[in-house]
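What follows is a group of structures, each given as structure tokens.
Look for chain A in each of the two complexes below; its partner is chain B in the first and chain C in the second.
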Partner chain A sequence: MQWDYFFDQVLSHRDALLQGTAVTIGVSLSAIVAGTLLGIAIGVAVTYGIKPLRWPARAYIDIIRGTPVLVLVLATFYISSAVGLDLGAFQAGVLALTLFCASHVGEILRGALQALPRGQIEAGRAIGLTFGGIFRHILFPQALRYALPTWITAAVEMVKASTLLSVIGVAELLLTTQQIISNNFLNMQFYLLAGLIYFLIDFAIEQVGRYVGRRLDRPARRTT
Partner chain B sequence: MSYHFNFAPILAQWPLLLSGIGLGLLLALVSIAIGSLLGLVVAFATRAPSRWLAGLAFAWISTLRNLPILVIVLFLFFGMPQLGLSLDKINSFILALSLYTSAYMAEVFRAGLLSVPPGLIEAGQAIGLTRSRIQRDIVLPIMFRNALPAFGNNFVSLFKDTSLAATIAVPELTYYARKINSETFRVIEVWLVASLLYIVCCYAITLILRALEKRLVLEAN
Partner chain C sequence: MTPIVEVRALHKRFGELEVLKGIDLVVNEGEVVSIIGSSGSGKTTLLRCLNLLEEFHQGEVRIGGESIGYRQRNGQRVRASEREIAGQRAMTGMVFQAFNLFPHMSALDNVTLGLTRVRGMSRRQAVELADHWLERVGMRERRDHRPAQLSGGQQQRVAIARAIAMNPRVMLFDEATSALDPERVGEVLETIRSLAQEGMTMVLVTHEMRFARDVSDKVVFMDGGRIAEQGPPATLFSTPESARLQAFLKTSSL
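Up next, the complex of A and B:
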């Protein structure tokens, strides 16, 4: 009987749930794209940068990775309004997730780049490539292969971390779920439903990552 | 944009912040202990001869790893009473964190198990050790040593996740930071201090675990 009521409630709130899911995907996607771009710059700076670039990049990675995401989200939200930056909850939240994502991508890329043999840079120089050319044609494509599985994990982490935006009032899937629960008190059922939706999103990303990882792996194994 | 820093109102609350970080560390320690035990069982279950049991273990890992920890926390605290399981907020949070981390620890231990050279197990069989002694005296020690670096990373992540206890009003560091934030409006200072405390703790944990790793490797040589 309670389950009949539950399905009834799901149907009547389906627009809100879809909207919340869309916001969750939108927030995560924005943060992953922006964070990856920023993270690539940081990863390169930390691996190949001159000292004045390398140290700030290292400090950035260590500071952001040492702070819980929830603290990052709350700090970005409250501090941005305290210094007169008029970011709404949505922008502050995306900004916090982007900063978080960039620190992880930076660290992942550093690990991948350092795993490449140094001789490859020298070989690139020997045939007269600039550093930009070496990075684009030699280092980055190989680093991508190393980094991809971890990067996919980071993407899953971003979707999971987007739930924290509910704390500052961004109406993503979790906050939407909580609002629905405050109407019908079906705590267990609706949290289960939210969990299921998050699981499906994350599981899908994981499977895509596995597939791409296998495809990337194949030619490399054939030639060696 | 002229912001005048004033740390005095935050430093006046120092004992609260310290008790908050203490509770966070305690939550992390209890959860990693329960989560590791559970994770160890799940890791062995993934290699069980019964395909049904192995499948269950893999499903456990995949489900918990793909759920946001905040959803698990809220589900256990607000949802489980409907099924007749009412835990207070601290126990409910510890349960959530333990379940969540058990999936990650299971992965760590599984990788550790896979890295035990088969030759060592065969050597154990050759000198006539029983199956349980091979597991206890050969497999487990090597597995633990291989698992230690990943264990350390997980513990640091877990410690950072204790900040989520603030959402169900467990008085740890983030909870107090929010409280001081809304009471004093020293916004920048309070979040600076809070993140600094987290960073220092994470760094200290990393250093301790690294020292432990070094000692274990030395003993092995």
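Up next, the complex of A and C:
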């Protein structure tokens, strides 16, 4: 292998590679954050909502989770422009991933909330908390512990799913890599490099997840 | 004597099944009232109506003179708002059979949660009051432990502190010792007994007949969704009038 040539190529395309990595991270993080917030609302609606909220939330989870992400990406991109919503490829891509992420987070949270004993809600009611207080102080912190490992998996999935945005022309890491390869034909080397970068991003997410998990499980805080 | 709990013509259904068929009951300030009866007689349901963990369909419950859970609007009986109900629930303290401590919080935080979030105390005030009650139930040394690090009896004592720290008008105990190992029952009963001696108003649903006899001012025997007999424990246990109560007392160890 011509390693000198490869390193030379990496150096000369480093701006593009960094740019592609930044786009991948930006797309993934936006989708994870927005999707998690929307997913929490959907998870609460499907678990505790009144019927007119619960059924649409249930339908949303089932339909979006059952749709291939590639179809979601293409549908969001083309439907949004067809209905006159002037989303660029980047916005449409982030929207598609957000919707997908929300369906998973909603389902993860529902599972975690339903695993909590009913007595927790009753104990919260008995001390006079309203549902908002019960959710915030009693149910959500406990559900978070159950949900965290699966949530991390979902977040990693989002990073992987962001590669699909290459088909609508978002210059994320994969598309950037393909463009570089079309110039220098170093297929294997540059795909391996892209793979390594994806691995590092996912590894970082998992480390953050572990750290949060440890923080949640640490012994009760001492108070004065 | 000031009535703290007043129940009038209370009816409660689960679907077709009527589980409370017209209950009338008064608990005066400082009184300890035990509700006994076989399973399915409606005693736990009655207790849960007193803090609105169960809805009821007819009749009225008053706590400290205030009618709780429902109001009349244009001649219609409607359920009070969630915020009103939450406030009314805080007038009673409840101790559950399964303790229901919050497992992600220390014993101390279990007690302070309601004080800061419902009573609006500062963290410092809440900790001070929580410490007082944890000391009172003998759990001050374990204030930083999580529920999983405590025995059943210790958890139940923390649960008692959590309920009573809220300064309720009446304490409700729902079979508070039924889930405990036999050797842990005594410590919890002792805690309840000492609170009773201090003049706390209490309603207990219990299977501990000896305890009901020793600690109660009044014993209520429920059968088939009705109060079949009530009176001072001495009378009720020694000269039961109804055949049902005679049969019930025969099967329960006294």
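Note that the second predicted complex is superposed on the first by the 215 of 224 C-alpha atoms of A that agree within 3 Å, B and C clash if a C-alpha of one lies under 4 Å from a C-alpha of the other, contacts with A are read in each partner's own complex, and residues count from 1 in each chain.
We take it that a residue touches a chain if its C-beta (ideal position, glycine included) is under 8 Å from a C-beta of that chain, and two chains touch if they have at least 3 such contacts.
This one's a predicted model, so the numbers in the text were calculated from it and none came from an experiment.
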Partner chain in contact with A:Q207 - chain B first, chain C second, else both or neither: neither
Partner chain in contact with A:G66 - chain B first, chain C second, else both or neither: first
Partner with the higher number of touched chain A residues, chain C or chain B: B
Partner chain in contact with A:R145 - chain B first, chain C second, else both or neither: second
Partner chain(s) touched by A:H137 [first = chain B, second = chain C, both, neither]: second
Contacts of A:V167 with chain B and chain C, given as first, second, both or neither: first
Partner chain(s) touched by A:G128 [first = chain B, second = chain C, both, neither]: second
Residue numbers on chain A that touch chain B, as the complex places them: 62-63, 66-72, 74-75, 78-79, 81-84, 156, 159-164, 166-167, 174, 178, 181, 187-189, 191-192, 194-195, 198-199, 202-203, 206
Chain B residues touching chain A - in the complex, by the definition given at the top: 1, 3, 62-63, 65-72, 74-75, 78-83, 160-164, 166-167, 174, 177-178, 181, 185, 187-188, 191, 194-195, 198-199, 202-203
Partner chain C, residues of chain A touching it in the complex: 117, 119-120, 122-123, 125-131, 133, 137-138, 141-142, 145, 216, 219-224
Contact footprint of chain A on chain C as seen in their complex: 51-53, 82-83, 86-87, 89-90, 92-94, 96, 98, 100-106, 108-109, 113-114, 117-118, 123, 127, 144-146, 159, 162-163, 166
